[in-house]
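Here it is, the structure, as C-alpha cells.
Chain naming follows the written order as A, B and C, and within any one chain the residues start at number 1.
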Amino acid sequence: MKIISAASALSKKMKIKIKEKLYELTFAVLAFSSLAFLVGIVIVLFREAMPIFEKLNIGDLVFGRFWYPTYDPPEFGIFPLIIASFWVSLGAMLVCVPLGIGSALYINEIASKRQKEIFKPLVEILASIPSIVYGFFGMAILAPFLQGLLGIPIGLCAFTASLTLGIMATPTVTSIAEDALSYVPRSFREASYAVGANRWQTLTRVVVPAAGSGISTAIILGMSRAIGETMTVLMVAGGAAMIPGSPFDPVRPMTAAIAAEMGEAPVGGDHYHALFAIALILFVITFVFNIAAEFVSRRFRIKLGLSG
Amino acid sequence: MRRNITEKIGFGIVSVCMWITVSFLFLIIFFIAVKGIGVISWEFLTSQPRNAMTAGGVAPAIVGTFYLVVGSMMFAVPLGIATAIYLTEYSPKSYVLNLIRISINNLAGVPSVVFGLFGLAIFVKFLGFGVSIISGSLSLGILVLPLIISAAQEALLAVPQSIREASLAVGASKWQTIKKIVVPAAMPGILTGVILSIGRVAGETAPILFTAATFYIKGYPDSPFSEVMALPYHIYALMTEGSHPEKQTAIAYGCCLILLSLVLIVSGIAIYMRKRERSYHHA
Amino acid sequence: MRDESTVKMRAEKVNFYYGRQQALKDINLDVLSNKVTAIIGPSGCGKSTFIRLLNRMNELVPNTSLTGRILLDDKDILDRSIDAVEIRRRVGMVFQKPNPFPKNIFENISYALEVNGIKDKHYIEDRVIESLQKAALYDEVKTRLHESALKLSGGQQQRLCIARCLSIKPEVLLFDEPCASLDPISTRKIEELILELKKDYTIAIVTHNMQQAARVSDFTGFFLMGELIEFDRTETIFKSPGDKRTEDYITGRFG
C-alpha cells in the first residue's frame, strides 16, 4: 500500500514537472512566430519575385527608366518608382523632422506638467489616425486648397503627398525623440546650469547632443515609415510613373504602384512578379533603415548607461 | 544679454512647432467633422448602399470592419501574450531573446502593403482561403502582432518581482505563478495594448486590399470565407472608383468621420486607461 | 553552545557567486529547531543572499553559481533531483517589503493553499482564518476579508504575508528583513509574533537592526563581506563577542 502511494506520488510529481516543461516549450514555440513571419515574408517576396529576375537582368529592372507594365511589349523599369518614393519621403522629412523634434523639445523642456499631460496624448492621438484618413484629407481637402493657393496645375502631386506624409510622420518622430530626451540624466542639466548656462544653452549644447543618437533613431524611423506608407501616397501623389522634375510633378511611389496594380495584375504573370520585385526592394530598403535604427539606438542606450 | 534673446527666439520656434503639430490634429478632425456630420444619420449607419454606391448607408462596411477586427484579435492577442510571457517570464538565453526581439522590431517596420502581399501569397492562394475575412484577419493580425507583444511585455515587466517571489515562496510552480498572479496583475496593461491595436487594425487598408476587401457585396458576409466591405477600403474605393465622384465624396466624408470617431474613441480610452494604470503603479 | 535542540537546517562550506564575484565564502552555519537564528551584518555582507539559499530563491537570479551543501533534516536540498517547489513548501519566506498579491485578503491566503493542491472549500476557509489568527491579524480584518489586500497598512500587509506563509504549514520560516519598511509599532508587533511563532516553527531572520536581533533571537551570526565572522548564542555575541570585527560592528564603529 505504502509503496503504491509513494509511486503514485512520484508519478504525480513527474506529471507536474512534465506539464511545466510543456508549457515552457509551447510558449517558446509561439514566441518564435514573429521570427517565422519575418522569414516567411522574405521567402514569399523572393519566391514570387524570382521569375522576373530570371527574365530580366537585375540592372535593367532596378535602373530601367520606364514603368509600362501593361504595354505590349511591357517595360518593367522600377527606377522612377524608387526615385518617387525617395522624392516624396525626403520632402516629408523636411516637414516632420523640424516639427517633430521641435515638438519633442517643447514637451520635454518648456511644457509644464499640466501641458505635458495634454500635449503628449494629443501627439499620440495624431499618431493613431489611420493612413486612409490622411489620404482622404490630402485628396479631398489639402490638394484642392494647395492647387488654388500655389497656382499649380495638379493638386495631387509629390508636394502635396510630402506634406500629408510629413504631417503623418510627425508624431512618430515626436514620440521617439521625446523618449530620447527624457532619458538624458538630470545630472547633465544640473551640471550645465551650475556653470551658469541658461536653459537654451543647456538644451542645445548638452541635452540634445546627449540625446543625439536617440533623435537620429527617431529620424530614421520617421523616414522608414514615410517610405513604407501606402494609402496616403496612393491617393495623393498623383500616380504618374515617371521620374519627377519638380516637387509639383505627380509621381508613383513603390507602395502606390503595388497597391494600385496588384488587383489587376494576372496572378503568375510578369507584371505580378514585377510587383513582388518592387515589394522586395521596398522591404530591403525599410529593413536597412530599421536595422540602422536598432544599431543607433543601441549605441544610445549604451552611451547613457541604460540597459536592454 | 544676447544669449537671453537667443533663448527667447529658440523657445519661440520650438513652441510654434508644437502648436503646428497639434493644430494638424484639430484641422483634420474639424474638416472631416464639418463635412461629414451632415451625411451621418441612423439610416446611413444601418442600411445597405444603394444606386451604385451613390446613396444609402454603409452598414456592411461597419460590420465588415468589426469582423476583421475580431478575427485579427482572435489570432494576434493569444499569440502576442504568449510571446510576451516567454520573453519576460521564462528569461530565455540572451541570443534567443535578441533574435526574437530583433524579429519583432523588424516586423513592426515592414510596410503595411507588404503584409497584404504576404497574405495574398500565403492565405489567399497557398492555403486557399481566397479573398476572405479570414485571409484579411490573419494579414492584419501579423501586422499588429508587434504592437501587442510590446504592450504585453511592458505590462508584464511592470508586475513587481516581489509578488512573483511571494507566489514561488508558498510553493506555487512557475506556471501557476504566471497564470494566477502575473497575468491577472498585468491584465489592465495588456488590455490597453489590445484596445490600441483595435484602433490600428480598424483603420488599416493596405493589408486588406488584396486579401479581404471588396467595394460591394450584397447583404452581409455569412462565413469567414466570404469577402467583406470595410470602412477604410470603402473610403478609398469611393474616392477612386465609380462614376459619380460628387455623390461618392459626400459618402466618403461620412465614412471617414465614422472611422475617425471610432479610432479617436478607442485610442482615447486606451490613453486614459494607461494613465490610470501608471498612477496606480506609482501609488 | 549547543543545547538539547536538534539541527533543522545546516549550511556546509557554502560558496556563492554572482558571475565571477564571490558573494559568500565558505559558510558553515546551523539553524536549530524551535529557535530563532538571527543573521546580522552591514549592507552588502551577503546576509540576504545567504537566507535566500535556504529555500532556493537564489535560482531566480541568472548567472549565479553555488558550491557546498545545505541540509534540511540531514538531506541536501541543493540536490538537483529535489524540486525547488517542494523545498519552498517546507521552508517559507517573508520578504523585506510586504508583497501581497493584488487580490483580496482571503484570496491572498487561499491562493497558497490552492496551488498546493487543496480543493476543499470549507477546509480552505478554516485554514485561512486559522492562519490569520496565528499571524495576529484576524481581529483587524475579519469584517473585510474580501477587500483588496493593497488597502491594508504596511504592517498589516506584512502580517498577511506571514499568515500566507503559515497557511501551508511550513517547517521553517525565513524572514528577510521583515521590518525594513515598517514603523516602530508595526515592527514591535512583528517581533512579538516571531517570539510566539518560535514555539511551532524554526525561524531564521536577517536584520540590519541589532536591537531587533538581540530582542528576538536565540543565536546570532555576524556576516562581513561574504564571510561568517562569528556565530554564537545571541547573549554571547552581544555581551562578549570573540572577534574584534564583531565588537566593532555591535558597538557601532562601522555599519
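The rule is short, and it goes like this: a residue touches a chain if its C-beta (ideal position, glycine included) is under 8 Å from a C-beta of that chain, and two chains touch if they have at least 3 such contacts.
Computed from a predicted model, the values in this text were never measured in an experiment.
K.L.:
State which chain is most central when centres are taken as means of Cα atoms.
P.N.:
B
K.L.:
Based on the averaged CA atom positions, which chain is farthest from subunit C?
P.N.:
Chain centre farthest from subunit C's centre: A.
K.L.:
If you average the CA atoms of subunit A and of subunit B, how far apart do the two points sit, in angstrom?
P.N.:
For subunit A versus subunit B, the centre distance works out to 16 Å.
K.L.:
From the mean C-alpha coordinate of subunit A to that of subunit C, what's the distance rounded to whole Å?
P.N.:
Averaging C-alpha atoms per chain gives centres 52 Å apart.
K.L.:
Need the CA-centroid distance for the pair subunit B / subunit C, whole Å please.
P.N.:
Their C-alpha centroids are separated by 48 Å.
K.L.:
Can you list every residue of subunit B that touches 2 or more other chains, as numbers and ranges?
P.N.:
173
K.L.:
Would you please write down the residue numbers of subunit C that are in contact with two or more other chains?
P.N.:
Where subunit C meets two or more other chains at a single residue, that happens at 86.
K.L.:
Residues of subunit B touching subunit C in their complex?
P.N.:
Going by the criterion above, the answer is residues 91, 160, 162-173, 176, 180-181, 184-185.
K.L.:
Spell out the residues on subunit B that touch subunit A in their complex, using ranges where they run on.
P.N.:
3-4, 6-7, 10-11, 13-18, 20-22, 24-25, 28, 31-32, 79, 82-83, 85-87, 89-90, 92, 99-100, 102-107, 109-118, 120-122, 125, 142, 145-146, 149, 173-175, 196, 199-200, 202-206, 209-210, 232-233, 235-236, 239-240, 249, 252-253, 256, 259-260, 263-264, 266-268, 271
K.L.:
Under the touch definition given earlier, write down the residues of subunit A that touch subunit B in their complex.
P.N.:
16, 19-20, 23-24, 26-28, 30-35, 37-38, 40-41, 44-45, 47-48, 98-103, 105-107, 109-111, 119, 121-126, 128-137, 139-141, 167, 170-171, 174, 198-201, 203-204, 221, 224, 227-231, 234-235, 255, 258-259, 262-263, 267, 275-276, 279, 282-283, 286-287, 289-291, 293-294
K.L.:
Going by the contact rule at the top, pick out the subunit C residues touching subunit B in the complex.
P.N.:
55, 57, 60, 62, 85-86, 88-89, 92-93, 95, 97, 99-103, 111-112, 115-116, 161, 164-165, 167-168
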